[in-house]
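Below: a set of structures, written as structure tokens.
In the two assemblies presented below, chain A is common to both, partnered first by chain B and then by chain C.
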Partner chain A sequence: MSISTSIWIWIAALLTLMIYSFLYKDNPFYRLAEHIFMGLSLGYTLVILWYDYIIPRIYQPLFFSPHQWSLIFPILLGMMTFGIFSKKYNWLIKYPLAFYVSAFAAIQIPVMLRSWILKQVEASFLTPDKFSSVFNSINAILIFVGLVTTLIYFYFSKKREHGFGAAATVGIVFIMVAFGAAFGYTVMARISLLIGRMQFLIQDWLGIM
Partner chain B sequence: MKKRVPLLITFITGFIVIVSFFVPHRPFGALETETLIWYSIILGFTLLIGVDSLVRLHTRQIRRKKKGWWYSIVFFAGFFYCLTIGIISLIRTPNPFQPGTVFFYGYETILIPLQSTMFALLAFFVASASYRAFRARNLDATLLLITAVIVMIGRVPAGHKLWTRLPGIANWVFDVLQMGPMRGIMIGVALGAVAMSLRLILGIERTYLS
Partner chain C sequence: MIFFLIIGFSIVANDTPNDAGGSILITTYNIPEGTQKIELYRLAKGDTIYEEAGLIPPRGECEDVSVVDGVEYLYRVRAITEDTFYVAETKEFISSSPQWFNRTRITVLLFFILFGGVVLVYIELAKKNPKGLFIRKLPALDAIDEAVGRSTEMGKPVLFVPGLEGITDAGTLASITILEKVGKRVAEYGSRVIHPNFDPIVMTTAQETLKTAFSEAGRPDAFNKDDVFYLTYEQFGFAAGVDGIMLREKPGAIFLQGYFYAESLILAETGYSIGAIQIAGTNATTQLPFFVAACDYVLLGEEMFAASAYISREPRLLGSIKGSDLAKLAILCLIGAGVIFGTFAVIANNAGNPSYLGIFNRVLDFIARGNG
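And then the complex of A and B:
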């Protein structure tokens, strides 16, 4: 057993223990680590803002050749967000907000249509290549049935009776299986993070293993 | 002026971006690139508003000496520490994010451990939530329980020791049984997002302006 002599490892280990102290109850040690984390994250965000936005997108295109003077318009639009600090001119923020919300919504439309709808439908089609073996055929049919019955389950504009009701019931079975798998996967992902932190404490800090 | 101009901006911006996707030729193709540059610049300004909001909140806490105000001092200590090492690294090197800089070292040794511990803390709460969710009260809950157990045990070495086929079954559940419903949910979410986006662009949804 050789305990680490690095001050940084000690800081990281103590902060880790401070956060885990929350498992007992909310306490000053946890809140201390939480506020350090918040402050560091905010400082980090500002440095990213400076390095990723202000220098390459505003400073360099405006002050170095070839000058892109058209960028003055988005900068002015962006500066209108500072209107929020004035009671008289706080409505100015609506202009950049309108642009921002609209651009985001419009970018989403083709992305959603292509990746989240068309690609998913295309991948679920029962094409001949999916029937290359008995196992592959069963898998393709299960995916197709799972997709269709799930969509039927979430379709509330038709009364659930006869075949439609039965399909919705099959749909909920598939949905529960999917949620169970997703939940299990999430639990395992968190547990693996926990193992990582424990390894840090035991190996890097305490040097036990 | 206060409502119509923003609505007009919303419509024109949305129209340009959507049309440029379907008509990638001049002038729409170039307009889309220009719109995305504008978007990222405005995003930078909105981030500044967020930073300002948090700084104001903690300044108020300290000034009014509210309960736990000294935590706000700790917040500022962390904030200025990160900002200072960021500025020092920016002066010393053109890229503060490259390994070897003070900023990168601070990020690696403090921020990343804090971040991963925060997420790892959730493991305990997820475990406690799973105890409640996995109780086999009816068929639906039983299915949830069985699938989650298969996926969890199948993805650790103990699962392989228990039954050599278990990891294969866990993968099959994940790749086949889960795939159909997840695709269905994705399609539903996408349809909702597209409908909402169209409502925003056409000015039917105006809550963001209120």
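And then the complex of A and C:
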């Protein structure tokens, strides 16, 4: 056993323990770690924004050759956001917001339509190759029934009555099975994160293993 | 375009179709046997020396993405074998340029026009008669009144977390509509709503939304701007902060509405541990299982958008929900027709008539890639 002599490993280990102390109950150590974490992350984000965005994308193209004067327009648009701090000019924020939302929607709609709808529709067609074996056939039919009933579950224009209600119930069963699988899978991933943290404490900090 | 000699080894260079420019498509033919690598060289018009432009993969095709639009180039390739090399080159200059229209996205345009048109029609219908468009009520909506009421009776505040996405996310926008309803109830009951934020623009929007909600409820004085505050732009820093607020403020009702990532279970578990009624809603399908496991009510994906349309009766939201419902119906019909036609095509193919299967495959190709 050789305990680490690095100050940084000690700080990381103590902060890890402080965060884990939350499993018992809220306490001053957890609060200290929480505030350090939040403060550091905020400061870190600010530094990243300054060095990765403001300096290379605003300051340098504007003040050094070759000057990109066209950048003035998006910068002005962005500056309008600060109107929020003024009671007189807080209406200015509507313009960058409107531009931001509409431009994003314009970029995203074709991408989403293609990848979330058309590709999915194509994949949902029961083509001959999906019936190559008994197992594949059952799989293909299950996916088809699951898709149809799940779409019915998310149909909002009709009351859930009679056959429509029954189909929606089958749909929610499929959804819950999918959620259960996703839950189990993610819990496994989280356990591996815990193992990683424990390894840090036992190996890097305490030097036991 | 142009090709060159030795043992039929040749190269064709074309402007890459359906792109935003800055790319020339290089294709080589009759690659000599035993070729170990194919080197690509490029000569810009006006230059005298070919410059290296990388390697062509064994399949013989690649895109040169280091070209400048409008500048004309000649290309030369060198196929290197163990003991010699072969050369081919283009004889006409070629330049890259962007295309206005990406032809592989024709189906996207068609569906966009079709569904967009339906949504517009429904928006107009909703404007004329908002009550005429039926949308099924969701149980989680009734629970909002119950949760805020219970929280007020217990003398505890309400916590509303709008997720970790910006204002451009559809889930965040839906959460803002739900916040308006929550805000009105909170104001009517004389309670308090705490709204920590991950994104500064969402914070601003939430402040305005709550201010309006309190004013509409006749309690503008009760709105405290400081209850809507910014935490941090770091995912787990935000989660730690919200957990801390849950433990210290002990809210009676927690609304987790918006787009969440891996912190969803951390937040929902902490909320559960303090005994708050939790109403979650997210369009992040990967996080829904955790909310289902730890919250009292959950708005699953699109239910969030339906809920916001139901609450606001806003024509644009109503029209979108009705339009998307019709789109779902159309997709169901399309898939159903595809299944029937596909089965028929396979039967016909087995009987010696492959033409229907060919049509079926072309339709599939058209839907997926705009070809066909």
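The rule is short, and it goes like this: the second predicted complex is superposed on the first by the 194 of 209 C-alpha atoms of A that agree within 3 Å, B and C clash if a C-alpha of one lies under 4 Å from a C-alpha of the other, contacts with A are read in each partner's own complex, and residues count from 1 in each chain.
Keep in mind that, in the parts below, a contact is a pair of C-beta atoms (placed from the backbone, for glycine too) under 8 Å apart; a residue touches a chain by one contact, two chains touch by 3 or more.
Remember, predicted model here, so these are calculated numbers, not experimental data.
Once the two complexes are laid over each other on the shared chain, residue contacts for A:Phe22 go to chain B and to chain C alike. Touching more residues of chain A than its counterpart among chain B and chain C is B. By the touch criterion defined above, A:Ile143 lies against chain B but remains apart from chain C after alignment on the C-alpha atoms of chain A. Look at A:Ala98: by the touch rule set out above, it reaches chain B but stays clear of chain C. Look at A:Met176: by the touch rule set out above, it reaches both chain B and chain C. Once the two complexes are laid over each other on the shared chain, residue contacts for A:Leu206 go to neither chain B nor chain C. When the two structures are aligned on the shared chain, A:Val121 is found in touch with chain B and with chain C. Applying the stated contact rule after C-alpha superposition, one finds that A:Leu77 touches chain B and leaves chain C untouched.
Shared interface residues of chain A (contacting chain B in one complex, chain C in the other): 19, 22, 31, 33-34, 37-38, 40-42, 44-45, 81, 84, 97, 100-101, 104-105, 109-110, 113, 117, 121, 124, 144, 147-148, 151, 154, 175-176, 179-180, 182-183, 186, 190.
Residue ranges of chain C in contact with chain A, taken from their complex: 105, 107-108, 111-112, 133-136, 167-168, 201, 204-205, 231-234, 236-238, 240-241, 243-244, 247-248, 265, 286, 288-290, 292-293, 300-303, 306, 321-322, 325, 327-329, 331-332, 334-335, 338-339, 342-343, 346, 349, 357, 360, 364, 367-368. Interface residues of chain A facing chain B in the complex, by the touch rule stated above, are 8-9, 11-12, 15-16, 19-20, 22-23, 31-47, 49-51, 53-54, 57-58, 70-71, 73-75, 77-79, 81-82, 84, 91, 94-110, 112-113, 116-117, 120-121, 123-124, 139, 142-151, 153-154, 171-188, 190-191, 193-194, 196-197, 200. Those residues of chain A whose C-beta lies close enough to touch chain C in the complex are 19, 22, 26, 30-31, 33-34, 37-38, 40-42, 44-45, 81, 84, 93, 97, 100-101, 104-105, 109-110, 113-114, 117-119, 121-122, 124-128, 144, 147-148, 151, 154-160, 175-176, 179-180, 182-183, 186, 190.
Residues 2-3, 5-7, 9-11, 13-18, 21-22, 34-51, 54-55, 68, 71-72, 74-83, 86-87, 90, 95-97, 103, 105-107, 109-111, 113-124, 126-127, 130, 133, 139-141, 143-152, 155-156, 172-191, 193-194, 196-198, 200-201, 208-209 of chain B are the ones that touch chain A when the two sit in their complex.
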